[in-house]
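First subunit A sits with subunit B, and in the next complex the same chain sits with subunit C.
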Partner chain A sequence: MSYLINRNPSGRIICLHSLLRYLYNKFKTEPFTLTDLKYDSQSKFNIHQTCPLLVKLSSISFKVCPYLENPLSDAKCYLTQSVQEDTQKSKSVSDAFNALEGMEFIRRVDKGGVITKEGIDFISDEFESENTLKRLQSGMLSYGPFVGLIHEISNKTRDIYRSEIELGYPITNEKVEVGGRKITLSTGSQQDTITRTRSVLFIWATTSGFLLPESIKEPSNPSVWHAEMLPYTESKKWTINKFNIRVPKMLFSKKLFVKNPLSYNAMTKSTKALRERNQEEERTITLKYEPIITNRRFALVYGLAKKSEKNQTLNFSGYLKELSKYPELFVVNQKDFERAMEIELGICSVCGIPFTRDKFDLTPLTLLDIKELSSGAPLSLIKILDQIIMKI
Partner chain B sequence: MIFKAINNKEFEKVATCYIAEHIELKDFINEKITEKQILTCPTNAIDTENREITKECIDCGICWIKYPSSVNKIKGVPSLSIFKAYLKKDKMFIYRWLALCIEDLAGINIKSKGFSRVKRIPLVVKTRNQLYFVKSIYDIADFEKADYELDDIIQLIQEDFQKYQIKKIIVVINGVSSKMRNKSSIITFDELYDKIINQNKRKIMELVG
Partner chain C sequence: MNKLTIYNNTKQESLPKYTVIKIPQYKNTPKYTKFKNFLENNVDTERTWPACDNEDIGALEVNGTEVQINLKKCIGCMACLSTVKNLDKLNIDKARLLAQMYPKETLIEFDKKNVFNGQLFSFPFFPDRKTNTFSEFTSVKETKHLSLWAATALNFLCSTDNSRIGKEIEIMKTDNPRDGRLDVCIDSNEFILIGEAKGNLDSLLTENRYRIQIPSYKRECQKFVDEYNLKYNKNKIIIIFLIVGGEESELLPETHPECSSRAGNKSKRFYDDLIKHNIKFVSANAILLLMLYSFYINKRICFDLLMSQINDNNFIGLTTAGIIQRSGNKLITSKINQTFLNSVAKSFS
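After this line comes the complex of A and B, so read on.
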């Protein structure tokens, strides 16, 4: 079950490496909870024991996390915060969890996780080793949103600016009439979220050798690209906006198998975030229509993934025609359905299944782990989609 | 650089100090405050091992104000341009600086009632029956926005704190002169610095009139 990451601290892979090492020291292959990821001053184990980035300031006698605004804060670690102080209200630790899960280094179980074999391999070598880079690339390319990003940048034929890439939930601007007033559904990502997700995934791509930031020296030894890139990826702020593309041309010539696409429950943003001024009504209406939005986005990704398994294309107009026969499942507004679904197609790339298009035929470029994708999806929905996909 | 360490055993203490931050306005006003320990120096220019203030010092003077027995002010011209360059990188530091320099009760990032989300007042100063809400801007052109933001906050909370007269203060980092506008006191950073560091004025009343 993978989710879209969107917090800057998860961008520093070396921090995630330290976190995983701490988790392994404490739990080995036993399950841990989300809270267990946080620094705990009462515990024998903590991330500071495995973190190589702590700094010694001349004014104090102990080492501190260099990224905390207040180095003396009880939060102790910028990536996880602590049991004693968490100004991020667990959002940061949850994002770190999602990042590790996305790269296949941990697996979700009940309300927590366990370290996977891939995770153990990842931490078995020092961060700077050649093996780490290989494992990182493999891990990142199993995470749907990262694959989506890499595909988008691989389409460019010149250097790219970060702002050229939009990576988030599609914005359809659909309106629903309530008591004579038209309320816009808030189902797309806000600009700040897009910026954060993009920023994290760009730094992942920089770490793993798919992007070279302008003005940064080309690594002399590409097999430890991630280690040579550390001075940039470790910095407090990533200010470079222009990148040279280093994605191998053949990467999408064969279908990549994406083990961690966004799953059913991650097809929409967390509507808990919808609480700004005058948004109460928008929130209520959006929550009402959220199952439909989730279903229709899932339908697009699932349809493409199923067709990809059979090396077939998905006929978009035929698919929409069939989906529209189940308005209670997929349609907010029949008149606007086609336009909205055109925009919703953007979810496919975010989930890790980019495609090429020839009029109405969509050719998927990757294979998805259907079980992971369908995690959390109602069986009745899957049955209906299977019938439709067989038909078209 | 106009500050110098005094070589005494006490110097180690200069490294850290305490500030009220991230607390509810109600708690702040009722003085139910747990202060947080922070580094005194924003640029890590305090070297406790060698008992010296290093060249990273931006002349903010917090160490001197908080620990006068361990830090001396020497004759010379303060590096205001370096301080301002630092504020360009970290505008929020101006609130911490002011909160730590003045003698009245002050808190930064104070949480107050919002519409749906909690609002944060960058700096609140409390005197006997007055509350000062402080916001900083780089340029006077940004005045309207800052003024509206403070109005918004005041509108939401004034019913709850009727006992207090709430005053708005806007600090202009690159401003030229202080004045009143739309019931807001506008004070420039240069003037504030001069009053605090050169004239030893530490009461908010003395600073904003």
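After this line comes the complex of A and C, so read on.
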């Protein structure tokens, strides 16, 4: 069950490496909760014991995390915050969890996670080793949103600017009439979220050798690209906006198998984001229509993934025609359905299944782990979709 | 001598005196009661910040048992000294401290009593360091630099020994969906000082929120203070103002010869807004000058007492050139005389 990451601290793989090492020291292969990821001053184990980035400041007698705005903060670690102080209200630690899960290094169980074999392998070597790079590339290419990004990048024939890539939940701007007033559904990513997600995945791509930031020296030993790139990826701010593309040309010539596409429950953003006091109405209406948005996005990704397994194309217009026969499941506004679904197609790349298009025929370029994708989806929904997909 | 020992940490505290700014965190349950809890001193926890910003200054050092100021890095902001209100166990005489931290030219101005005398006070440019001037320091990273510095500096300059700091106190703005945050609050007996920090004139004008923020904060805070006064039979008075960092010459009215914000009518726009919305301001440089001059005359020039006396209907702003105020339709800069400064000064206890 994978979610879309969108917090800068998760961009620093060396921090995630330290976090995983701490988790392994404390829990080995036993389950841990989300709170267990946080620094705890009362615990015998904490991430500071495994973190190589702590710094000694002249006026402080102990080492501190270099990324905290206040180095004396009880949050202690920018990536996880702490049990004692968490200004991010667990959002940061949740994002770190999602990042590790996306790369296959941990697996979600019940209300927490366990370290996987891939995770143990990842931390068994020092961060700077050649093995780490191989494991990172493999891990990142199992995460749907990263695959989507790499595909978008690989389509470019020249250097790219970060701002050229949009990566987030599609914005359909659909309006629903309530008591004579039109309320816009808030189902797409806000610009700040898009920026954060993009920023994190760009730094992943820089760490793993798919992008070289302009003005950064080409690593002398590409097999430890991630280690040579540390001075940039470790920095407090990633200010370079132009990148040279290093995605191997053959990467998408064979279908990649994406083990961690975004799953059913991750097809929409958290509506907690609608937090301002005058957004209550927008939030209530959006929540009401959220199952439909989730279903229709899932339908697009699921349809493509199923067709990909059979090496077939998905006829988009035929598929929409069939989906529209189930308005209670997929349709907000029948008149606007086609337009909205055209925009919703953007979710496919974010989930890890980019496609090429010939008029109405969509050709998927990757294979998805259908079980992961469907995690959390109602069986009745899958049944209906299977019937439709068989038909078209 | 490049390093000045200001404190001997004989007790080997992990965070010795003069190295940290302690900011109480007030309770906030139910939501939006933080300001009420600030008034009632209901502290939840305490957060500590380094007294000297390690990233942009890094002048404070703990070497063995000695807390030292590295004079090759220090920009003389006095934040470290302001963290200990009674200057307890300060290892060095105040006059010597100033003489070590500041160039001769600055001290000569003090000898001549050239402070708040109609012209801007000129703070030194410190070469060969990451941050070269105090204005540069206050103009960036508003929360980490100006707000934090102003909180500790104003607390130090308040007349009562038990004055208290509040920082980033959430407050509901009934006319705005986003909650507000009071950057700097000081409770000093009958005075509640509330400061909204702005890095420089440009950011203030570009952001353009202060015109709405300040009147809205005033209304919300007044409600809590009225309730407090009624409940505890007190007579606390709110003094609310902008604290503006950056180049001080930009904050002068366009009629002042040293004004550097005439281009684009910036000064005029600023003062038109201040007058229209009855907003007051204090420059960060003026606060620093009060601190330095307090050290020089060996008496605390009490900011709360000073503000309570100058904050009349005509008062607009306090700069190192003096008080900017209205006189009929004109804006004038009035000198602050030594007698007045002495009248609001108290011995360091």
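Observations on the model:
Note that the second predicted complex is superposed on the first by the 391 of 392 C-alpha atoms of A that agree within 3 Å, B and C clash if a C-alpha of one lies under 4 Å from a C-alpha of the other, contacts with A are read in each partner's own complex, and residues count from 1 in each chain.
Note that in this section a contact is a pair of C-beta atoms (placed from the backbone, for glycine too) under 8 Å apart; a residue touches a chain by one contact, two chains touch by 3 or more.
As the structure is a prediction and not an experimental result, all values here were calculated from the model.
In the three-chain model built by superposing on subunit A, subunit B clashes with subunit C. Once the two complexes are laid over each other on the shared chain, residue contacts for A:257 go to neither subunit B nor subunit C. In the superposition on chain A, contact is made by A:71 with both subunit B and subunit C.
When the shared chain is aligned, subunit B comes close enough to touch A:87, but subunit C does not. When the two structures are aligned on the shared chain, A:62 is found in touch with subunit C, with no touch to subunit B.
In the superposition on chain A, the residues of subunit A touched by subunit B in one structure and by subunit C in the other are 57-60, 70-73, 276-279.
If you check the complex, the residues on subunit B that touch subunit A are 14-16, 22, 36-41, 44, 46-50, 54, 115-117. In the complex of the two chains, the subunit A residues touching subunit C come out as 57-62, 69-74, 85, 276-279.
Residue ranges on subunit C touching subunit A, taken from their complex, read 14-15, 19-20, 47-52, 54, 58, 60-62, 67, 70, 143-144, 177-178. Against subunit B, the residues of subunit A that register as touching in their complex are 57-60, 70-73, 87, 275-280.
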